[in-house]
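Some notes on the structure that comes next.
Labels run A, B, C and D following the written order; every chain starts at residue 1.
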Amino acid sequence: MTLKTEPFVLNVGPQHPSTHGVFRMRATLDGEVVVDIEPIFGYLHRGIEKLAEERTYTGVIPLTDRLDYLSSMANNLGYCLAVEKLAGIPVPERAQYIRVIMAELQRIASHLIAVGAFLNDCGAFMTPIVYMIREREKILDLFDMVCGQRLTYNYMRPGGVSQEIPDEFLPALDKFLKQMPGWIDEYDQLLKENEILLARSKGVGTLSQELAISISASGPVLRGSGIKWDIRRADPYSIYERFEFDIPTGTVGDCYDRYRVRVEEMRQSLRILEQARQQIPGGEFRSKVPHLIRPPVGETYAHIEAPKGELGFYLVSDNSIAPYRCHVRAPSLLNVTALRDLMIGWKIADLILIFGSMDICMGEIDR
Amino acid sequence: MTLALPVKDTAQRIGEHFADAVTEVTDGAVIVKSEALFQVAEYLKTNPDFDLNYLTHITAVDYFDYFEIIYQLTSLNNNHSLLLKTRCYDRDKPVVPSVVGLWRGADFQEREIYDLMGISFKGHPNLKRIVMWDGFDGHPLRKDYL
Amino acid sequence: MKFERYGIGIAKGLRVTFKHLFRRPVTVQYPEQKLHMSRRIRGNELIWDKDKCTGCATCAKTCPQGVIQVITSVDAVENKYVVEKFEVDTGYCISCGLCIEACPYEALYMGYAYERAKYRREDVIQTNEQLLPSADRLRSGYMYPEIAAQLPRQTLLLERITEEEE
Amino acid sequence: MMIFNPDPSSVRQMPTLAPDWPGGFWWHWLLFTVIIIAFVLLLVMGYIWLERRAMGRMQARLGPNRAGPFGLLQPVADALKVMLKEDIVPVNADKIVHLLAPIIAFAPVLIIFAVVPFANGALLADLNIGIVFVVAISSISTLGVFMAGWGSSNKYSLLGAMRNVASVVSYEIPVVLSIAGVVLITGSLSMNQIVLAQEIPFILLQPLGFLIFFIGGCAEINRSPFDLLEADSEIVAGFHTEYSGMKFAMFYLVEYAEALVISALITTLFLGGWRGPILPPWLWFLVKVMVVFFVMVWTRTTLPRVRIDQLMALAWKFLFPLALLNLFITGIEILAWPTAIAWLIPVNIAVMVILVLLWSKLFKLGWGRVEV
């Protein structure tokens, strides 16, 4: 006798503890097994691209803070690079270094949240994420010291940064650089070799190289699949060609690889930070830029390696004080394209895990 | 450094394969006819000289007279990139061939453009609104949407 | 997947959590225990220096949210603008600090205080006198290094933890 | 030292009543009912406090510290809050099933304590089939959980309930088999006799049995890493997603009361129950119970959650064969050397280590993906 079963539809999100925001997945399940899945977005759509068309070039920077709210500094940097490229604004040496320091600190902060949330999705009850948030808190303190905010920094400007870093910043950074490697090692001890984590995440949600390239994946998702592609190396922006660092890659492209790539990237970011700390020169922190920037007619695309992947800004100027068109190439949006392929056939528990390993920020997907 | 492919040469090579596909060559971009877009894109992707296997992003700009759809293509192996554009002069029913068949990454981006700019992509497997709700009136990113 | 490591990974993890049992927690018990905020904090209020303000409304033009409203009249005798109304709708303010940066006469400051929640919506809109600096409306050092130097040093979690461990 | 050789007469009698108690059976019954209810409720509060505090400290937090000294009154405050909450029944819910579920889940947990000895002979009913009684009753809670999952008409609840049923059905077997080893050594099913037999705590004589019982017990009561039925990152809150107010409090109570049951059983079966030097027996019992629970909290803080198929694989491929082997080896030992015991301790521990290592090599969790 065969039992007649039929699949049922389960709504995961928009209010669900581990959809990292207001993501929604309409999952069709056969028992515990995911048969089909459809991602649905739009719950956090604020129309940032449209809003940007009505603001001055400087006034868009607070909007970019709100794209991927876990890596505002990187967003600021990406946007400012685009405006500088468009308007031909030079950036002083010292400002370049400050920017690199901020961007790399931001990468560590963002990866801490990504790794912590991923481990929390595995079911390690709150512990990893609390540890990670503690470390992130130290970075946020540094950001707070520099720009007065903990989440929406609005620190970088076309032509430099808004303010000189305070005197106590560099000693604090030194302290952070001294402590952080030890903490990363300790968190590796916590769950890196844990049998249950290995059983849960090895071989789960394997993203093949072909698929990764086809879906335009970027960042740790792409590198987790074993493709050595990092914008900092492939197309060095700012002053990244001066630093030595490795590009960690995974081998198979499963959840575990993506998790390890993020942890290794934190280590590499620390290396960059050490070098930048040593080399930072004196001088101006901002070049002379008119209050209202009027770039010549034209268009440009500037991209950076944000923590989540390739963040690009496509700006079109019509020689007015506001961008004619400001398109954001959001890494999260492209990374979720493969969700359906990765999740089908796995259990509902893996669905959460694979989603967690993608490290998604809804502010960026919906914009 | 990611090398921007020289547009003139590229346009010429495209022209060799697809007569009058290229309508214009601007500073840094190759503009092709929207009818020939898919074939040109396929050629650029599969030809080993170009090998533009990575679609960095797609976007669309509303210039009132026409819509410009921009494809930023990158080759991960050769580390060069090309800006491919197409134009769409019909304002009421703009249609452009979809490139989802070549790059899966175009899926959500084309849906987004359809949603916000109102350009439909012929051949897209699941063309429906992505960020606005179904039944929303208008396309917010158009310049005449207020 | 095999249990090839015989539970060594699990044991390592258990060691880390057990070590934490004897570490000082990082919790700050907020209302009783307050940390010093950043000297450059962008607190949730704007402070306006009436004497320095010339009514040029650069701040209003810069504000991405359009929350600053400046109404001026012309003083023909002294040949300058007189500010009649300077209104900030802090409810819409995103604390980006662009107005402070833009002000050419150093007449606008961010507030140092951060506990400025209001019970009524109308209280959120602040006008003229409500915006002036006072004893409990300290100015923050955002964009003003000389003010920052007078404010207390920021408490860093980084230092709190190491000091306690030493 | 020798293996406890029960006196045939003491086994045959039914010591349900404490013979020297004034008033006899009924006083005994009343007193122990009160003691058990008070014990369970108080200790559950203690557990909640311990779990939240210990977990907080392990996570570099403080944990609750506002209500009362060290936050000791936090469970009381929670209980008050939860009682004042609105009682919500979903529109599509099967109302009777929905309402009955928490009660059905809670009652058996209390009943189990009837056979748990707090001191020598201090138990409500010294059934001569005590341990069988425990095994039989403890599974009934599952029914309540399943009713909750079914009656809520919520898909998350149903998923959680199904997971619970699956895990309890499979984990019952290794758990019972590991108990059988203890029973073999003791020669009695009575809980009191089992404690009396533990001159040496059985954790030393039955290390493998203890390991299996601990893992299986954790899985049965759904403590982490086996907390699949309320996996909060996956299925929101599992079977009690739709519960609020007092009904939720009942489930919360059940969760911790079950943890209490398992830690009391581990204490009784493997750690020598109330036995111990200097301190009074009931205190020893409490201390041991708390220590066992602390280990559970500790693992919960550290470990990620296993997946449902891995949970099943662990039960059937890892624990079940080991439990069978353990029973077999124990039987041989008892047949061959009924009196010698001291040198059996290192032998048993060695056997456990070898078996676990060997099985770790052989054992495979399987591949999680299903072709659809």
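Just so we're on the same page, a residue touches a chain if its C-beta (ideal position, glycine included) is under 8 Å from a C-beta of that chain, and two chains touch if they have at least 3 such contacts.
Bear in mind that the values here come from a model prediction, so they are computed numbers and not experimental data.
Q: Comparing the two chain pairs, does C-D have more C-beta contacts than A-B, or is it the other way round?
A: A-B
Q: Indicate the whole-number Å distance between the mean C-alpha point of chain A and the mean C-alpha point of chain B.
A: Here the centre of chain B sits 26 Å away from the centre of chain A.
Q: On a C-alpha centroid basis, what's the spacing between chain C and chain D, in Å?
A: That gives a centre separation of 52 Å.
Q: I'd like to verify one number: the distance from the centre of chain B to the centre of chain D, where each centre is the average of its C-alpha atoms, in whole angstrom.
A: From the centre of chain B to the centre of chain D is 62 Å.
Q: Would you kindly tell me how far, in whole Å, the mean C-alpha position of chain D lies from that of chain A?
A: So the centroids are 44 Å from each other.
Q: Can you list the residues of chain C that touch 2 or more other chains?
A: Within chain C, the residues that touch at least two other chains are 1, 3, 7, 10, 13, 16-17, 26.
Q: Which parts of chain B, given as residue numbers and ranges, touch two or more other chains?
A: Correct list: empty.
Q: For chain A, give me the residues that contact two or more of the other chains.
A: Touching at least two other chains: 127, 134, 190-191, 194, 196-197, 199, 203.
Q: If I apply the definition of touch given earlier, which pairs of chains qualify?
A: So, checking each combination of chains, I get A-B, A-C, A-D, C-D as the touching pairs.
Q: What part of chain C is in contact with chain D in the complex they form?
A: Its residues touching chain D are 1-4, 6-7, 10, 13-14, 16-18, 20-21, 23, 25-27, 29.
Q: Which residues of chain B touch chain A in the complex?
A: Residue positions touching the partner: 1-2, 27, 53-57, 59, 61-62, 70, 72, 76, 79, 83, 103-109, 112, 116, 129-133, 140-141.
Q: Which chain A residues qualify as touching chain D in the complex?
A: 8, 10, 16-18, 30-35, 119-127, 130-131, 134, 190-191, 194, 196-197, 199-200, 203-204, 344-350, 352
Q: Which residues of chain D touch chain A in their complex?
A: Residues of chain D touching chain A: 55, 58-61, 155-156, 159, 162-163, 224-225, 227-228, 231-236, 300-310, 365, 367-372.
Q: Would you pull the chain A residues touching chain C in the complex into a rising list?
A: So the residues of chain A in touch with chain C come to 55-56, 58-63, 65, 127, 134, 137-138, 141-142, 144-149, 152, 154, 162-164, 166, 168, 172, 175-176, 179, 186-187, 189-199, 202-203, 291.
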